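Chain nomenclature is as follows: A, B and C, assigned in order of appearance, with residue numbering initiated at 1 for each chain independently.
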Amino acid sequence: MTEQAQRRTPAPPPGTYLGMPTFQKNAKVQLADPQLRSNLRHATGTIRAKRAERVAEVPEWEQLRLAGEAIKNRTLRHLDTYLVQLEESLTKAGATVHWARDAAEANAIVVGLVQAKGVDEVVKVKSMATQEIELNEALEHAGIAAWETDLAELIVQLGHDRPSHILVPAIHRNRAEVREIFLREMKQYGTPAPEDITDSPAELAGAARRHLREKFLRAKVAVSGANFAIAETGTLVVVESEGNGRMCLTLPETLISVVGIEKVLPTVEDLEVFMRLLPRSSTGERMNPYTSVWTGVTPGDGPQEVHVVLVDNGRTNALADPQGRPALRCIRCSACLNICPVYERVGGHAYGSVYPGPIGAVLNPQLRGISSKIDQSLPYASSLCGACFDVCPVRIPIPDMLVHLRHEVAEHKRGHVGVQQTAMAVAGWVLSDHKHFELAERAAGLAARALPNTTHLGPLPWPASPWTRARDLPMPPAESFRTWWRKERGEAR
Amino acid sequence: MAHRFGVGPRVALFATCINDVMFPGTPKAVVQVLERLGCTVEFPVEQTCCGQMLTNTGYFDAAVPNVRNYVKAFRGYDYIVGASGSCIGAVRHQHPMLAEHAGDPGLAEAVADVVARTYDFSELLVDVLEVTDVGAYFPHKVTYHPTCHSVRVTKVGDRPYRLLEKVKGLELMPLEAADQCCGFGGTFSVKNPDVSVAMGSDKARHVVDTGAEYLVTGDNACLMHIGGLLHRQNSAVRTIHLAEILASTEGGAA
Amino acid sequence: MMNARDEILGRVRAALADVVQPDPVADVPVEWEFGRATAMPDVLGRFVEMCEDYQARVVRAADGDVAAQVAALLAEAGVSSVVLPSGLDAGWRQAVADAGITVHDDDPQLSRAELDAIDAVVTAAAVGIAETGTIVLDHAADQGRRALTLVPDTHLVVVRADQVVSDVPEAVARLVSAVADGAPLTWISGPSATSDIELSRVEGVHGPRNLLVILAEQPPE
């Protein structure tokens, strides 16, 4: 009997994120898929336009961004104070607080809590923290089925797939693909999709409603994340659209919320800033359809057993680097993904993490370190165009952080002799002094004079091939500006 | 016009390494326009490069000598001008960081001083010389790509458009998705060539769709990338730097 | 071995060695005036417009006509059974019963399956937000526990004009004390929706697919 047959939930694709090759290699594979590129162009274009329209409605948007940045900075710079306060407030409100140093510890805590309830399934609200720690697979190994209830997460789970976007994890799938997945898979895990279902998004959403309703009505344990955790009151906040979040947070008897330690906000009042920044930045709406706000256990209403698992899993690494710390301000809105010209072409799978796009390129190497090939390549997965900073609701200086992390990678590889190291050493020497520079200029001029009738160079062998495979290279002119100036104006200045 | 021959300010030209070697027509055009407007242009020969390629690849130590060079070459000038939104952006935004990285407070101080007097060509014209009509004549259809660093780091704003609008005979064609990156990105263009080319191909297509004869930007590196794609595709669209359009006059081309 | 809590707090403190000012507020000032109103010419008009923009059906009614409107809207929606929270206005309750609609009370608490078989729920609200078309429930006795406004497919909510504020900051300011008292909140902006397939918005997934809003106003003197 294969492991496949014993599983309770659809198996994700084989392999691990950290085992993935470099971004550059993954990108090449993704770029070759014309369907993917067309899906992404359509989706990112749509959401970008919506965001721009909604942000333009708020005249004080820039002040709001500054306030969001400041509140997050205040929290992060005093995180120990706020975490202790959060723990006290939660405990007072009837919740049980757990602490997890890493993914394995967080997963063990959740598995233990579910087993203690004697159930073999949980319903889940979309949560980046549980994706990050790969909780579903940990539950599966313990014989517990974790059902994703967000529509896009459901598409990913049923599609034996990985998420490719923070907000819309199935952004890489179009309606026809979703229909196929629902028809093929739903019947194996519960209420089937109607045989005559079309690919209209409304019908597909209807199929998800029917498929999940029985699971909501019987679930005894739910697992969630949280968008915000208020230190002052021990209040958690989940922002969503479909109502699946409300179902999970309200109907089961036991609720386990897995929360990254950077999700803390000092006070309830702070929500006025983030509840304006987040919906407009993420879905391009004035407000998302549903937001749930709860404080521990409410007698007679909702789960009467409430657990909160506070997870580090690399966050304190980022916190320890003052230049890396701003990444922890991230509220997971996805605006940087949607605006990113690189993300638009390659999609989320190339980034080798549940956090793709510009924020992923700075967050992953900090959370996971830079020992793997994929994490070493991520800081270079950007043209440094800067569009991500412009749209970030908490003003994370992603381009500067990418450059900072490139420096970390270069230092990590110091002593290693490769093409890049050699090229940079040569360039460093040439550019360090004008006399060196002039020698190199003369060499370029000689090359130009050797090929007097050539204006452009076509496809060339390595090492010029990465440039010239698709792009011609102009020939340098025989006379540099400097030479011309000397000839015309003399040596002095 | 605020300034006349010989009475304008003394301006130090930062040619930038890529223009110096590959596109000398651009700094020559800057000299021509500024002298036409009455400025005295000097070229401090100690200059090399802003160091951006090294910095952006992560080689901070190797980039620090570029910062020292820049300070040495341009100290003492009231106005320093370069015709590249990207290189000027690197001087303004990265040199202070590199000085701090070097742990040299004297250098940091000198950088702050020189950086404050460094301008992109379009800024020097519009803000310092207070001109938008530089007497240029360029009877062609052109489209303008606002390069990322000129917009988001150097923040030249609408200055290039204001300058282009005053060029006699020039017809400016609107460019679709103008604010999206062309995919050059310095070493990104060779470290991630496939993505770079995918981005550049979309930009090149939008450029061709405008029906323009010329693509103009304030950054020759981006032009080299988009132009390289256009040239490979045997497109008739030519590339030209903003300074070279502004240098063109009715009497003759730049 | 150190426990996880102490180890994480230790890591955090070590990571923040560069922070010397112990007072968070003094360390990082926040330049923002909280609780401020957003200027708009007609707050109630904007509230109606924005709720409708989210595909909610909105009716404006004088206070005295609310009970009749509740019954009329439920009839219009083809509702044959409702669940009513214990603290609901007695007049509205009477009007619903008089309209021949089967009324369920949540006492003792209805099971999930029972709730799933009921067509609609009628509640009051805590706050309305004009700029975003949002209705906030604080689940007081006239709104019921959270499951009541979640499982039935139609939610009819009555918002009083004096509960409607301009924008999110004013709303949060009004809700702070309820949260401090431990009340859960549900913010509702239109019927449940998703944009997960090709970013095309579809109304109606898991939450109520029909949202009916009555804005109750005092008639002009």
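Going forward, a contact is a pair of C-beta atoms (placed from the backbone, for glycine too) under 8 Å apart; a residue touches a chain by one contact, two chains touch by 3 or more.
Keep in mind that what you see is a predicted model, and the values were worked out from it rather than measured.
Student: Which chains contact both chain A and chain B?
Tutor: none
Student: Which one of the chains is farthest from chain B, going by Cα centres?
Tutor: Most distant chain from chain B: C.
Student: Where the centre of all protein Cα atoms falls, which chain's Cα centre is nearest to that point?
Tutor: The chain sitting closest to the overall C-alpha centre is A.
Student: Using CA atom averages as chain centres, what separation in Å is found between chain A and chain B?
Tutor: 34
Student: What is the distance in Å between the mean C-alpha positions of chain B and chain C?
Tutor: Centre-to-centre distance between chain B and chain C: 53 Å.
Student: Averaging over Cα atoms per chain, report the distance between chain A and chain C in Å.
Tutor: 30
Student: Residues of chain B that contact two or more other chains, please.
Tutor: As it turns out, chain B has no residue touching two or more other chains.
Student: What residues of chain A sit close enough to touch chain B in their complex?
Tutor: Interface residues on chain A, with respect to chain B: 23-24, 27-28, 31, 37, 341-342, 345-346, 379-387, 389-390, 400, 403, 405-411, 420, 424-425, 427-428, 430-434, 436-437, 440-441, 444, 456, 458, 466-467, 469-474, 476-477, 479-482, 484-485, 489, 491, 493.
Student: In the complex formed with chain A, which residues of chain B make contact?
Tutor: Within the complex, chain B touches chain A at residues 15, 17, 19-22, 24, 27-28, 42-49, 51, 53-60, 62-63, 65-66, 69, 94, 97, 148-149, 152-153, 179-181, 183-201, 224-225, 227-229, 231-232.
Student: Spell out the part of chain A that touches chain C in their complex, as residue ranges.
Tutor: My answer: residues 39, 42-43, 46-47, 63-64, 66-67, 70-71, 73-75, 77-84, 87, 93, 98-101, 105, 149-152, 155, 168, 170-171, 173-175, 178, 201-202, 204-206, 208-209, 212-213, 216-217, 230, 233, 235, 241-244, 246-247, 249-251, 261, 266, 268-269, 271-273, 275-276, 279, 283, 285-296, 298, 300-302, 310, 312, 316-317, 319-320, 322.
Student: Please output the residues of chain C touching chain A within their complex, sorted ascending.
Tutor: Interface residues on chain C, with respect to chain A: 3-5, 7-9, 11-16, 18-19, 24-25, 27-32, 34-35, 50, 54, 109, 112-113, 116, 129, 131-134, 139, 145-147, 150-151, 167-169, 171-173, 175-176, 179-180, 182-200, 202-208.
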